[in-house]
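Two complexes follow with chain A in common, the first pairing it with chain B and the second with chain C.
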Partner chain A sequence: MATREVFTDRLQAGALLLPTMLVSVVFLYYPTLRAVVLSLYSASFAREDVFVGPENYARLLASPEYFTSAAISVAFAAAIVVGVMLVALYVTFLVHEIDYGRSVYLISAVWPYALPPAVAGLVFLFLVHPTIGIVTTYVEAAGLEVNWFSDGPQAFLVVLVAAIWKQVGYNVIFMTAAMNNVPASLTETAKLDGVSRTKRLFRVYVPMMSPTLVFLVVINTIYGFFGTFAFVDLMTKGGPAGATNVLIYDLWRTAFQFYDFGLASAKSVVLFVVVGILMYVQFRISDRYTFYGG
Partner chain B sequence: MLGTLLALLNAAVESSRETVGAAGRLVDGRGIDADQVGLHLLAGFSVFLLVLPVLVALIVSTKQTGIVTSVGDLVPGTAGAANYRRALLELGFWRFMVNSFVMSVIIVVGKLLISLLAALVIVYYRFPYKNAVFLFVLFTLLLPVPVRFVPLYRLVVEMGWNNSFLAITVPYLASATTVFILRQHFLSIPASLVEAAKLDGVGPLEFLRSVLVPMSRGILVGVSVIMFVYAWNQYLWPLVVIDTEGQQVAQVGLNLLRGQASSGEVAWSMVMAGSVLTLIPPLALLVLFRRPLLETFTIQQK
Partner chain C sequence: MAERSPAPSGPVSRRTVLRTSGAAVAGLGLAGCAGLTGSGGGASAQPISDDELTIWHAMGGGNGETLQGLVDRFQSETGVSANLVFQDSYEGVLTKTLGALDSGEVPDLAQIDSLFAQQVLGTGKVEPVENLLSEDFPVDDFLPNVTSFFTADGTLQSMPFNNSNAIMYYNRTAFEEAGLDPDSPPTTLAEVREYSETLVDEGVTEAGITWPNHVWFVEHWYSVDGQLLFDAENGHDGQPSTLLTDNETARSLYEWWTGMAADGLYSNPGIEAWGEATSTFLTGNAAMLLTSTAFVTGARNGAEENGFEVDNAFYPTVDGDRTGPVIGGASWFVPSGLPDDRREEIGQFLEFMASPESQIEWHKGTGYYPIRRAAVDRLESDGWFEQNPMYRTTIDQLTESADSPPTKRMLVGPARQSQTTIQDTSVEIFNGSTSVDEGLSQMKSTVEGHLEQYYG
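Then we have the complex of A and B:
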């Protein structure tokens, strides 16, 4: 191991590290620290910042809308995790069980990884268009009444499905790798014992894939919290009546529609804590499960 | 456009020689394997559902009006060429595409260059507080754009960078993911190589250029695709920091397209044409470089 470290010129090392460190400090660490500081100020365009102490946090705690927004974000992230992982697990397993032509199916299941969220949002917006959308026609023909963008739960559902669609590919990539790492000896034994396919999936593959699945739960939760901005912005603008107003959208509106930078910074700090907790959970859990690691 | 996409799909199908045997295998020997046929049907139907929305978008982008209320409407129209030309030229979507492309290429090249240097130091140099430095780089994973875009916006405005490529590229250049993947890969390269290089008096940069880079080709391609897709799909930050239309990127430009195209059903043909255009670059890279991409992902997780 240590024999790799053959170069010792510290000045050189510093110079080579400089670009990465400089960008990290200036554009990542410094703005984050400044968000913490700014959260203690009243700040907007074209006027001096005024120190107000913890007032912005007090405003957050006193705001029922903010708690609703947080609850919606949690529900949204949870639904994303469950939805994406069930769909991806199902598709991954189907493709895995196929003997010939697997790679064609695989690439057809993985491609949404490349799908831009803005494209996914707009395409879904078209599919459920109230008068010219194909999904609307068939759902209405089935006797269901739809008001996609005036009914809260329906709007939530439309954004959710679009967001799930985009995220399936990424999950299939990791699940396929994890499934391929399960020793063939284990699954062959199960097959010979006549264990049914579904049982094999949940009794053999899923437990063996647990480190990957935990990793994906965290990644998908982060995606649910932060990766959904484009969907909400293009499809619902947070509406109707705040039904899709997830935290990240709420934060953007506070900053760039109401220009309340102090309050927005307080909301950023809350999100920072959320990411911190998620990452911590991931490190702790994946530590415990590395036993299975591939 | 349609032709390009079909050609890509064809390439994907042809390149996998496994399929050639598939049809034969299903029916040979003891006849049709019902279990495998069932799996093919289920898997085929599932991936069809995953592709369906994009097929609808593709069809709508060739029609004179955007009306698709039933399966019967899913007949490609004849206005494809006219729609794409209108979206690209008259409505100026080509500018957004060029901007997105320039932004993504700068981010990919910049990230690769500075991450290669950082990974080189982290693996092949001995200096104090090395682990702290590596942790300092990794810790930036905790600082995604959403937790810092308000102060970042102020910073960029103070520097006079708003509405420039600097604003939408430089803040992205540091990459914990890239440094981490490269480090993992370098650690899998035998230590004897660098010892030999050192004995021969080969310097670190020369070692990087003539040994590490050639030995990391697959990884570098994989990382480049990951970073390109990441950069190309950025939406929130360009929306915040770019407010002149000529500098906007495709993701945000799509919404401008929606507003610019005359209202009503026709606009949807334009929006879907723009969507297909925006999807093509990342999708093409994914299909072309799927092998190195998938290999790189497996390293990332370790």
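Then we have the complex of A and C:
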């Protein structure tokens, strides 16, 4: 595709970009800079900010809880990316293959995505509540003891399932679009060659969908690190015993519950760097495997 | 539907878009944190509204309606208009109030939970409410063990309003079914365990007892047992430096709690899960509930709806000794530096809210206890307590209490940090992931770190 010069007039281009630039500068770049600066201060309500240099970072390095929290976040985000994409891919494939009622299935798959995270969190909380949950009754009838208010690994799993459930719909939208874009001739050829369904999915569709999948890996990673706050806040408050205390929740608590703004800023800078590095790695890896066509 | 690929364009642009959008979203977490701290200090306070009093509170549901009723009456009696703003929770009021005090544009009154009193007093930007009361206001008519918490340096700093303590509610119907005497509810932790065992063994309820995992309940056990939770008299006599966990109260409590959880006799509703705890009780999953006296109206209605008979009793003691419940609850704080005519209106509001009539209305509507002797006397002579014995329990528990340092609630700067540490570590202890001794010493050292960070 040739490069198109849509706007020849620089002023016009600038004017059109201005609203976006303004919003970005006011709500993203300036606050980001402020956060970096604030991370070098001891700051709270009703106190003068005191410059402390790298002390906040030193506090983080000396805190085993923080490292646990970081490890939990990475594990959580990784599980979300893998979980969401496998489930979504499977659901998308089923919807793709079915002959009748496709729209109905598609809508039901996408439905949870339409819920605001806070509502989804509450709905899920009451579905799987250890004492009054509807789902719990059936799970316990199967002989498993549901006790995720006290049991760390169970809580991690419950929040994870909730977060995956919420995000699958979003992935299905994009995957359906990408799968529908695979030329029908390829499907036909594969069928004629006697390629099994599973093989057709993983050997034909997935490579053809790779640009969309890379996009989704990135979006899901961001979701895993930042978008799951509501579930943690509503369902576990980071507990029990820190088992679901992901970085974004931890930093929110430091800022808005403990009012330790300097330390919270340091935490957000660290989180920013961690996610930044992860994305860089993802792009480098995907460069090798992604097929962008043409 | 959705038959096209999302962004049909060339490789370069797609990846650039990805990169920038990714970075932008990642930056969001970062951006959320900045811009919180104001310049701090200096200018005199400016009320949010010039035309009416702005009142920030944390009373939801039925209690919120009762409060609105009082404020409506205040407006029609005095002609002063007042705007009640619900801030969702005590934490919400606290955060917004601290931010407002920093910015200088302030609400006229803020309802602050006693747990956070020190954080607000520590700003140095609030005016002692005693300055706002008229000369002839009978300050000595307040119940002394209530006002003693809210008094510092001999002056009433904030106006106590909704004050409660924790009591035990129990399901009389379930007790009867299990063959227990509903007229003699358990009074000690050991008895709570015995009763719970019977209830569960008889298959009447799934668990014996439930309560929200909130620091207030731990505070109550300490206070009832006459044990301080923090040094420096729970922070009322100078800066506290440590959490007192190396004592018999703490060990007995946590050993009991761990045992109750391990044997399925305690139903854990979750951290700060007030609503879940009450629904566990009301739906008959647990036969006993520890919660605020402010739930008394809700308990009566809820029990009726669910077809059982409810009653309440004193908070169970650790080992039989009973000093008294912890005194706390919330109070009205007033920012300093407001114009004089505004201060006068605020004074009127405070006097109205503290009047025996208002206190009686508030007590009957909510279950919070009245803070004026005159109000208690009038309720007594009207026979209110005889007709409503559940409302009696809270008053008795309060008035039978000794005015000793352990019953004065903790007054510490990093209250929220201490609170979450105690709550989080409690879970670690009672779910068995750490031993009682290890958990308690870990709790102690973490809180010490917070205290040092705050005061240091």
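Going forward, the second predicted complex is superposed on the first by the 255 of 294 C-alpha atoms of A that agree within 3 Å, B and C clash if a C-alpha of one lies under 4 Å from a C-alpha of the other, contacts with A are read in each partner's own complex, and residues count from 1 in each chain.
Basically, a contact is a pair of C-beta atoms (placed from the backbone, for glycine too) under 8 Å apart; a residue touches a chain by one contact, two chains touch by 3 or more.
Not measured: the values here are computed from a predicted model.
In the overlay built on the shared chain, the residue A:251 is in contact with chain B and with chain C. Contacts of A:196 after superposition: neither chain B nor chain C is touched.
Of the two partner chains placed around the shared chain by superposition, chain B is the only one that A:109 touches, whereas chain C remains out of contact. In the superposition on chain A, A:90 makes contact with chain B only, not with chain C.
When the two complexes are superposed, the chain touching more residues of chain A, out of chain B and chain C, is B. Once the two complexes are laid over each other on the shared chain, residue contacts for A:151 go to chain C alone; chain B is not touched.
Overlaid on A, the two complexes show chain B and chain C touching the same residues of chain A, namely 1, 24, 27-32, 34-35, 38, 103, 129, 131-132, 173-174, 176-177, 212, 215, 222, 226, 248, 251-252, 255-256, 261, 264-265, 268-269, 271-272, 275-276, 279, 293. Those residues of chain A that touch chain B in the complex are listed here as 1, 3-10, 12-13, 16-17, 19-21, 23-24, 26-32, 34-35, 38, 90-91, 94-95, 97-105, 107-120, 122-124, 126-127, 129, 131-134, 136-138, 165, 168, 173-174, 176-177, 212, 215, 222, 226, 229-230, 233-234, 248, 251-252, 255-256, 261, 264-265, 268-269, 271-272, 275-276, 279, 293.
Considering their complex, residues 1, 24, 27-36, 38, 43-49, 103, 106, 129-132, 147, 149-152, 173-174, 176-178, 180-181, 211-212, 214-215, 218, 222, 225-226, 236-242, 248, 251-253, 255-261, 264-265, 268-269, 271-272, 275-276, 279, 283, 292-294 of chain A touch chain C. Taken together, the chain C residues at the contact with chain A in this complex read 1-6, 9-11, 14-15, 18-19, 22-37, 40-41, 91, 95, 98-99, 101-102, 119, 122-125, 206-207, 261, 267-273, 276, 279-280, 283, 285, 414, 416-417, 420, 423-425, 427-428, 430-431, 433, 453.
The residues of chain B lying in touch with chain A in their complex are 12-13, 16, 18-19, 21-22, 25-26, 36, 39-40, 42-44, 46-47, 50-51, 53-54, 56-57, 60, 66-71, 73-74, 113-115, 117-118, 120-121, 123-127, 133, 136-137, 140-155, 170-171, 173-175, 179, 186-187, 191, 194-195, 198, 204, 229, 232-233, 235-236, 239-240, 250-252, 254-255, 258, 265, 268, 271-272, 275, 278-279, 282-283, 285-287, 290, 294, 297-298, 301-302.
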